[in-house]
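Worksheet: one structure, shown below.
Residue numbering begins at 1 within each chain, and the chains themselves are lettered A, B, C and D in the order written.
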């Protein structure tokens, strides 16, 4: 890992060019808004990628130099190349790249493949949402109060079909009667995954200071750990114990 | 374990004698209402116990013949004898008795001691509550729809200070903006523990058919398993491996 | 789900036809041996399937009438059709089919895809192995002592690259210094997954009565639960709450 | 929390004064040896405490200024004052103090009370032990290879009666056929708990550089998080949501 956390914010980046409301809230795209608040941190180096960029924004030289990949996709999940999905998944599993799925990324190909899930849920129009802090001592909840008012965001409701998380950090309340597990942490292979619910393209959630704080915390939490063990499947002779340290015998 | 599941429903049983509303909803006590719906199951044998009974309702001959202990207490947690708490805890840990904590049992001595928790939370007056099914394939969620309307119950809100559960089965929504992890499963020692939020003494929750179904499911889930391994701390000689099966050597 | 648990035992079924030792231990294939001990249970109905059968043994009419799929594959994982893998995965996620992966299934396509894992580990030649019971109150550990001697089986060693399990039931000790998380439970979508380490084609593990007991327990644990909630992704109007019960409004 | 992590190493500190072997390995006590390797870290400030010190080494002014409490006790668990145990437990739960239990601390009063466990296990004389890294991306496994040879330490064997951990980081192999979950992480209240198996008083484990690295990592992992949420049980009015931020209304 480089000295700074190398973050790539991937965005489908179509709504903001086609939908007037989305454009007015995120004139340069959701990814640019995310970059602008992450850029305020000296320990991060942020770059943008979009579906319509060459190689869908993630050629090898970008992906292999990304420590944490943030993903926002919505209507065009199916256009994401399966080969790219597999490269993302292997980079998480084998090299410990962090993956942060935002909002509609619950249905994105990389999120489903990395986690082992359909990501299904019940959804509906925007309504008043409040985020609750369920795990105040978790690093991603640092600086977050017991709850905060998100204003309006798209409804994502239970039942949410994802594996039980390694940590459930946030819950969501919606005005018309629904709840949602809104912030979830997973480990897969050598990598860490965080999913966070807020962020519809016509809502102002990425301008909310607490949402920004949570995503910033999540980048630091999800960055690759310093790992000396290899993620592979070697043959070892009797008593050889550790192929990386061949002198290690029983 | 006997053929039938031997359930003891323990109740503080004071509100229902002193408070008119509580008395009108639960004329013979919350425990009697719980017994009456559990009694409809051929596989259960239900008995009642109360704080003001001799030995606080749980002399050895009762506790040691209880497969699942259901606990409802509220204002008099501090009166429960510490020796009894320790006997309950050891029966859960060492003999696999199930423990089901209802509503204000979050602050009861046995719940806190068994789990390792303060059980703290934010609380408030009754309001509209909806229960959500977060784990539809869990045995305790059998027959429970995606959500159900509880009517009014006392507010219990996050942050709820309990260990991360082995399974999070239900979530609660409250009208004025709060959420709660309302149904939680734990394993401690050889025993199983379930906590369920509904059940204030002046609310009708224990008459709700879904609440009744959940408690019934929980009794079946929490009953002692058939276990051949002892919960103890024996010295074993080199290669003796299993003191229960002394012939088992390496 | 039918009255009986409909089990399909899928086997690569090549070693036992080509390798003399494997043939002598499992003359009709590993799957036939598994069927023969499962057949002793009145609550199970067992059928066989193999890689070289038409439709790789799992046409729709078989897969869609399977409650629990047991999988043994080794050298020919890559030959398993990707479309079949996806059908298996969706049947687990959406319809709650149980999946039991045995031994080298840690590297099989369905196991990796369902779970979200590479399944990598360190491996080596057969050696003395002992299985330890880490979760005596788990249903899959019913009737299993603190430990049992497996005789010789192929070495599978940590680090094992799988997600943290919902329950870790068994651990393995190997003569030359290795350990392994040998029995692991997961939930994915509506389904349950169990992985169990023993079972190299030239070892006698599937003749071991404790291994047979564990696989039998696992079939009962992994069978589809009675679930009333749908695994889908519906749009719901404000306050409609539950699309399966359209009258359920807030 | 102060700038440095304020660590207190508590030791029963009797064996090293009475047993010749223990004295020769840990002449100033196990706690002094732990202090000496922790002292090499600029971010830690380490102090010693022992059972026979006034107030059993942990008067309020010490305990309340401890960020991480390391605990080694063995034969005199019963002498530890119950009031002290309760103060330790509350400091972990309510103020987020870290607690690291070493070796025979599995049976210590604070470990059992904080966690909710008997801590029972099978034990036996010293034998060859190897520690395996089961979670290479965990912060406590930083710098630890796939496995390392511990030499001889006291046998602690499964079944180990503790709650399922939030993270299982290390496993142990023993020469005569046993395995053990040797490194376990928990969250209780606002605090973090780590248990680590090695460290019998007549074995050299605390001189092992990997054991030292693990305990050092664990101190950094277990230190109190920056938390803005209070661990308490307040009444809140309808829509008041957060008593710490009374203006937060729905």
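Keep this in mind: a residue touches a chain if its C-beta (ideal position, glycine included) is under 8 Å from a C-beta of that chain, and two chains touch if they have at least 3 such contacts.
Nothing here was measured: the structure is a model prediction, and the numbers come from that model.
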item: Neighbouring chains shared between subunit A and subunit B, ordered by label; value: C, D
item: Partner chains that subunit A and subunit C have in common; value: B, D
item: Relative to subunit D, chain with the most remote C-alpha centre; value: C
item: Chain pair with more C-beta contacts, B-D versus C-D; value: B-D
item: Proportion of interface numbers common to subunit B and subunit C (over half same, under half different); value: same
item: Where subunit B and subunit D are represented by their mean Cα positions, the distance between them in whole Å; value: 30
item: Chain centre separation in whole Å, for subunit D relative to subunit C (CA means); value: 37
item: Subunit B, residues touching no fewer than two other chains; value: 122, 130, 133, 135-136, 146-147, 157, 159, 164, 166-167, 177-178, 187, 190, 229, 231, 241, 250
item: Subunit D contact footprint on subunit A (complex, rising order); value: 96, 130, 133, 135-139, 141-149, 166-167, 187, 190-192, 225-229, 231, 241-242, 244-245, 248, 250
item: Parts of subunit D lying in touch with subunit C, wherever the complex brings them together; value: 122, 130, 132-136, 146-147, 157-160, 164, 167-168, 171-174, 177-179, 181
item: Of subunit B, residues touching subunit D in the complex; value: 93-94, 107, 113-118, 120-125, 127, 155, 157, 159, 161, 163-164, 166, 176-178, 186-190, 229, 231-241, 243, 250
